[in-house]
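To start, the structure under review is shown below, and the notes come after it.
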Amino acid sequence: DQIKCRSYEKETFSCWWTPWTDDVLPTNYSLFYRKETDENAYECPDYRTSGPNSCFFDKKYTSIWIYYFIYIKATNALGTNVSEDYPMDVQNIVQTHPPINITLTVDKDKPNLLINWLPPQTADVKSGWVTLQYELEIKSEKDHDWDPNSRHIRGVHKQLFLKLVGLMPGDTYVVRVRCKPDNGPLWSEWSDEMYITMPGNVPTIQKDFT
Amino acid sequence: PICARDGTNCLMTTGELFDRAVGLSHYIHTLSAEMFKDFDEQFAPSRRFPKSVMRCHTALLNTPEDKEQAQKIQHEHLLNLVMRVLRSWNDPLLHMVSEVQGIREAPDTILLKAVQVEEQTKQLLEGMEQIIGRIHPGDVENELDSLWSGPPISNSADENSRLFEFYNLLHCLRRDSHKIDNYLNLLKCRLFHDNNC
Amino acid sequence: DQIKCRSYEKETFSCWWTPWTDDVLPTNYSLFYRKETDENAYECPDYRTSGPNSCFFDKKYTSIWIYYFIYIKATNALGTNVSEDYPMDVQNIVQTHPPINITLTVDKDKPNLLINWLPPQTADVKSGWVTLQYELEIKSEKDHDWDPNSRHIRGVHKQLFLKLVGLMPGDTYVVRVRCKPDNGPLWSEWSDEMYITMPGNVPTIQKDFT
């Protein structure tokens, strides 16, 4: 996994490489790519935008549904070393930013929680170019680990919400959300964690269930 | 009164037809991506299929390769492109269903999904013909695209070549089903949600 | 409601009819259907698979793109009687089997109950052809009726669970779950009822919540 590529919105993409570990001599790295539809190899168009050891392909250089064969050249006093081809299709590297504007609202007289969020701004959801699916996790603040069992997936499109029920009055809960393209494999990172303390210290639940 | 081709007297609205087409194209892509993943995990590590020589029979179709191209293209052309890609998969899917039964270590899930994709692609074609009939009554091109010239290698070819040929077909199906899903989502937002999905 | 149709998985469907009540003479029933895009009428393809007074439409005869108009012909010595058209859209008659594998687990030192379940096997939920929404009901065994207020709706997809808090130690509870397609109106039947007795006899709830 010497080369890793990512597209945040299926319109541009970046690739990063990890320098060879045994760099005794000062070594210069350069990235080259070949496209499935073209015999020629080209050098990275932009080594700066995505930070060190990276290459940024803006819209002009980005084609979806075409294989890119990416490789790295490492050159130093001893000569040049070329990495293996890394075949990549932008379709499979779309990993968006996390959802934003997570808001938590307590259902006034019930131990229920309504959670709202919005898609990441960088992904063009409005035109339908990207359609997202969401996943939400919740845990009690006292618990150390997130409970994978608590994971809830909501459908796609538009601004979304989820209603969680049966939470413990007086307890503080932590919620986070992530998303992934409806037709792609990669989940975003989790959103910021949002905290909320459920109102009420005396358990009135008992009354609700009898 | 009969529901006419252009949509008059129809209980099923064109928007509803489109929602179902998008749902179906998403389902077909999900199955295709699962099939590719199952096969890749089973065979790729030991076979190292050369991705640089993989070719798709639909490469000849001039389909949009990014958002701007897709948004510039008129919806009737994009709809017809979707139809051509879908039609071009009639024979390859039949071949895929029969071929997978001859691949010894192929996971069972692949045959089940290949049959499902073959059936659902026909369903999607049926729906798309209705949609195009309504949006552009005169426009339904009926000729079958003979883009696929049949399995490139004979049945007697060695196992590795036949596995690579199947791998190539799964790769192309994953790619083309993703394209169709993408184009239909774009068209749905453009035609029925005023680009504000 | 002389004709009722149902699809368990949005791939096939069946219709059932109730014979006319005043059948004095031996009467023969047959089902016909028309597709809204076709002026021809066709007879039921399979009168057996779905039992008496039924018609089964397998995948070849099932289309999600059109409305069907279904009607029944009742023929006896006096002549033939034809029912009204029953307009039907496959997507709106999807009513899956109930959820399965309902399991109840007590939170060891708390009066809480963790309920897990799985989607019905007949609907292809994993690949997203059918996306389901769930609803759960609980009541104390002592109570005769289910408390509609106790109805909890959970998110969609995958195996899901609900954590209920503040139940009465020593009490026996009954739980059932049902499901419905995300984009359809019809809930499944309720699942089997599962019973559980909460451990402990003295109500220690007060202590736990302070």
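Points to keep in mind about this one:
We just call them A, B and C in the order they show up, numbering each chain from 1.
Keep in mind that, in the parts below, contacts are C-beta pairs under 8 Å (C-beta built on N, C-alpha and C of every residue); 3 or more make two chains touch, one makes a residue touch a chain.
Note that the coordinates shown come from a computational prediction; the quantities given were computed from them, not determined experimentally.
Contacts between chains leave no pair untouched here, as each chain touches all the others. A rotation of 150 degrees, rounded to the nearest 5, superposes the Cα atoms of subunit A on subunit C. Averaged C-alpha coordinates put the centre of subunit A at 27 Å from the centre of subunit B. Computed from the mean C-alpha positions, the centre of subunit B lies at a distance of 32 Å from the centre of subunit C.
Computed from the mean C-alpha positions, the centre of subunit A lies at a distance of 37 Å from the centre of subunit C. Touching of two or more other chains is recorded for residues 26, 30 of subunit B. Of all the residues in subunit A, the ones that touch subunit C in their complex are 111, 136, 149-155, 162-163, 165-170, 201-203, 205-206, 208-210. The part of subunit A that touches subunit B in the complex is made up of residues 10-11, 34, 36-37, 59, 62-67, 69, 85, 87, 89, 91, 124-129, 131, 157-158, 182-183, 185. Listed in rising order, the residues of subunit C touching subunit A in the complex are 112, 114, 116, 131, 138-140, 143, 147, 149-150, 152-158, 160-168, 182, 205-206, 209-210. Interface of subunit B with subunit A (complex): residues 26, 29-30, 33, 51-52, 54, 59, 63, 65-68, 70-71, 175, 178-179, 181-182, 185-190, 193, 195-197. Of all residues in subunit B, those touching subunit C in their complex are 2-3, 5, 9-12, 17, 20, 23-24, 26-27, 30-31, 34, 113, 116, 119, 123, 126-127, 130.
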